[in-house]
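Below are two complexes that have chain A in common, paired first with chain B and then with chain C.
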Partner chain A sequence: MSFELMIALSVGAAMFGTGLYGALSQTNLVMIIMGVELVLAAALVNLVAFWRYLHPDEPAAQMFVLIIMAVMAVEMTVGFGIAIARFRSRGSVEMEEARELKG
Partner chain B sequence: MTIQMFFLAFFGGAAVWFGIVVFRTHSMVRSALALLFSQTAVGLMFLAMQAEFLGVLQIMMMATEMSVMAIFMVMFMMDPGGMGAMEMTHQKRLSLWAGGLGVVAALAAIWLANWGPAVAEVPSAAEQTADLGRELLGRSMFIFQSAGLTILTAMVAATMVAIAPQKERPE
Partner chain C sequence: MIFLALTLLAPLVAGLAILGLRRAPEALAIAGAGLGLIGALGMLVSVANGAAVQAELPGLPEMPLRLVAKPLTAVLALLVATVAGFVLVYATGYMAKDPEKPRFFGTMLLFVTAMQGLVLAGDWITLLAAWEVIGFASYLLIGFWHSRPGVAGAATRAFLYTRSADLGLYLGAFLLIGVAGTSEISATLATTGTPALISGLLLLVAAMGKSAQVPLQHWLQRAMAGPTPVSALLHSATLVAAGAILLIRTAPMLPAGALLAIGIVGGVTAVVTGLIALAERDLKRLLAASTSSQYGLMLVAVGAGAPVAALLHLIAHAAIKSALFLGAGVFQHDRDSTEMTDVAGVGRARPGIFAGFALAALALTGIPPLAGFFSKDAIIAAALTSPSALWLVPLALAGTVLTGAYMGRALQVLWNGDAGDKPGPIPRMAVGMAALVALAVVLGAAFGPLERLLDVEMAEAGLVAPALGLAAALSGLALGWLVPVARLLRGALPWAQTGFAVAGGMDSLVLRPALVIAARCERLEQRLLAAVRGLGQGALASARSARAVERRLYDAVLSFGHGNLSLADAARLTDTRGIDAAIFGFVERMVALGARARQLQSGFIHRELAITTVGVAAIIVALFAAPFLN
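Then we have the complex of A and B:
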């Protein structure tokens, strides 16, 4: 067992919890996106730690990191597209005022 | 304690601390900067784990992404400077429980699982980058191209959503 791996994974766990708290507790769309970014950053830390300490000869593990980075970019793009549309139509990106999205 | 362990713990602590600051400050600009520092600390963790290419990529990408985010926050927030100390949270108790349970469950899985022995040696930085390039342009090319196409589609779709004609805003 490697303590370096444990430290990295524990940091990932703490970032995941912080991001989950932020995504659930914030009322503003941009802040919710920030919470999701933290959760995805936690996934990045875990992937790099697994690559480094368990499979350093496997470049596919690094490829997964690039895919998660692409997911982060897509999440921000879509999130801000929705934010702009919402702001133009309602003048606010407060999710408390978006209850009609429930259907 | 090895040097690598020290730097991992130091940058990891910084990443978590700045992550917490994101949701503790009332100023949105400070929030964006805290997230930038948190993501930079994650990039520095990558460097400490000898993933040079990914570390530098993470720092460069997040610096740009968080700068864009800061601009959006100033544009959209009612009180971007946080001078009014507005309350912008809801279901705090539920969120704290969910976050706390998530951390405890993840820590339990991490510390109870048998991960096997760690590998001491890693390929050199040049070798890693060459291997990653061969992986991206070989076996994983379809996935890599799909990711690029997905980003392009998201950019076009987000632009279309953002510039679509809107109804008159209700006063």
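Then we have the complex of A and C:
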């Protein structure tokens, strides 16, 4: 394991931790989504890092990256769509006030 | 053909119309009888002109029903129609107040139709049928006043007497049909030898029954129970005449033996019933006995081989006897009785009717120039020239003397006595009677043409026959008028008054056996009834036991069903308490589990996220730790 890989993984871990903390600690839906984005971005970093430093001659790994990016875009679209709808109907995106998802 | 149909159908249709409509019986009866008379007259004229009047109707296979009018039968048909017409005219007066008029006139016309059928029958089957209808109709008419005491018995007696003798006709007719192979009467008359003798004697038995010859004479006097017009018709041209007509029609076939038997039966009857008539205490019964006696004389003529003489006497007697009966009916109408003691002197109260009655009586006795003289003359002449003159002449002469005696006695009783009140007018009865008396007076003139029509030569015995006949008649009349009956008959009187009931008479020979048989039949029927009832009760009992068995079967099936039901109940219980309960319990526990799981759902995204995170972390840890645990 090279040193550069270790650095990339560390950055990814930091991003994951930050994103996780943000998703768990924030009450604003937008902020939660941003946390989730960070988690996903951390996963991207890790993937790219593993590809670059362990298997640079395998182009298939890049496919995963591209797919995750598409998923992030979609997820963001859906998440922000929900937020906008929420805001329009309730004037707020605070998740402490939103318990309608309770089963 | 038209006349033939008219003769037969006019009375029949009128009779049925009367019985069906039950109104205007007199008019319909006179119309029917009148049309029938026109038909008979036309028929006689056609036949006299040589035309063949006959009809053939479909009947039994190979044996069509034939109606034939020959000179003989056409003359008889005209006689029947004439007498019936006058009697019906008389009856419209006699029955004027009877509530059952339609029944009377309807039956009378039926009777006339049947008689015409008998006279015109061209085959034995038709003749038998007509014979039966005549017997039945006469039963109905004699028993017309069936609610009066003794009338039903008289009708039954007449029916049984004639019925038992009818067996002779059946046997004789079937014997003739069997021998000749055809039912046509004129063809069967060619029969000869023993079959002819046997069937001739059998036919004699039938004629004895119908014409009331000794020893079957008794029913006729009892038949006086019917209305007087019935008696007039019955005695003159219909029922009683049927027997003599049968013998006259079959006379060409009869062999010497049968003829002798017929002559002797007739002669004995003429004498015996003449004595009965002489001893009789009732005017109508006297006339009835006299009828038997006169038919006896006709049988003497047949027996002497001169059926035409018998026919002449039949014709003369028909007019005379119906006139006499109609006269007696008038007397009965006045005095409500025909007992000699009751009608004594009634002749003075009704001189017109008495004159008619007397004329008819003299005609019957045989006083010239009245009709009876010529016919009786013919009979005596026939007897004189016949081979069995030794037997027949004394009997015929005795019969003639007795005829004079009883008619003389009747006239004497009617004339000598208390005239009583002046009775009211009776126009219709008088018209009917006057016409018949006129016939009785002038018929003698018609005998000559009649003989030519029938194409026969009457036996000639010179002046002997008329002289003997006249002497006998006059002496009889004188005896009857002058000498009291008791002295005339002496010891024989009570015997004659009981109708010469030898050994109980035919009552014990015919009537009692028939009634005993009837009683036996009744008992048999009772027994049959009891048997049938027993059978029914047995069937009922078996039905009951079957019902019990069925009840038990039913119970068994029912309990089987109950068992099945409880089994099903048990199955259902297992179903509900076992399987269903298990399933429901499982479901309930699942629901409770779900409820508990729901408590995890807080609705707080953070919490959810946290749980997810912790869960994923736990999974990762587990995944990493698993290889090391092994």
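Please note the rule applied: the second predicted complex is superposed on the first by the 103 of 103 C-alpha atoms of A that agree within 3 Å, B and C clash if a C-alpha of one lies under 4 Å from a C-alpha of the other, contacts with A are read in each partner's own complex, and residues count from 1 in each chain.
Definition applied: contacts are C-beta pairs under 8 Å (C-beta built on N, C-alpha and C of every residue); 3 or more make two chains touch, one makes a residue touch a chain.
Bear in mind the structure is a predicted one, so any value in this text is a computation, not a measurement.
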Combined model on chain A: chain C and chain B, fit or clash: fit
First, second, both or neither for A:Ala98, with chain B first and chain C second: second
Residue contacts on chain A - larger count, chain B or chain C: B
Touched partner set for A:Gly22, first chain B, second chain C, both or neither: first
Partner chain(s) touched by A:Val78 [first = chain B, second = chain C, both, neither]: first
Which superposed partner A:Ile32 touches (first chain B, second chain C, both, neither): second
Where chain B and chain C come nearest after superposition, their Cα distance in Å: 8
Chain A residues contacted in one complex by chain B, in the other by chain C: 20, 24-25, 27, 29, 96
Contact footprint of chain C on chain A as seen in their complex: 20, 23-25, 27, 29, 32, 95-96, 98-103
Residues on chain A engaged by chain B in the complex (per definition of touch): 1-22, 24-31, 33-35, 37-38, 41, 44-45, 48-49, 51-57, 59-60, 62-63, 65-67, 69-70, 72-74, 76-78, 80-85, 87-94, 96
Contact set on chain B toward chain A in their complex: 2, 4-5, 8-9, 12-13, 15-16, 19-20, 22-23, 28, 31-32, 35, 38-39, 42, 45-46, 49-51, 53-54, 57-58, 61, 65, 68-69, 72-73, 75-78, 88-92, 94-96, 98-100, 102-103, 106-107, 110-111, 114-119, 121-123, 128, 131-132, 134-136, 139-140, 143-144, 147-148, 150-151, 154-155, 157-159, 161-162, 164, 166-167, 169-170
Chain A partner contacts - residues on chain C that touch it in the complex: 598, 601-606, 609-610, 613
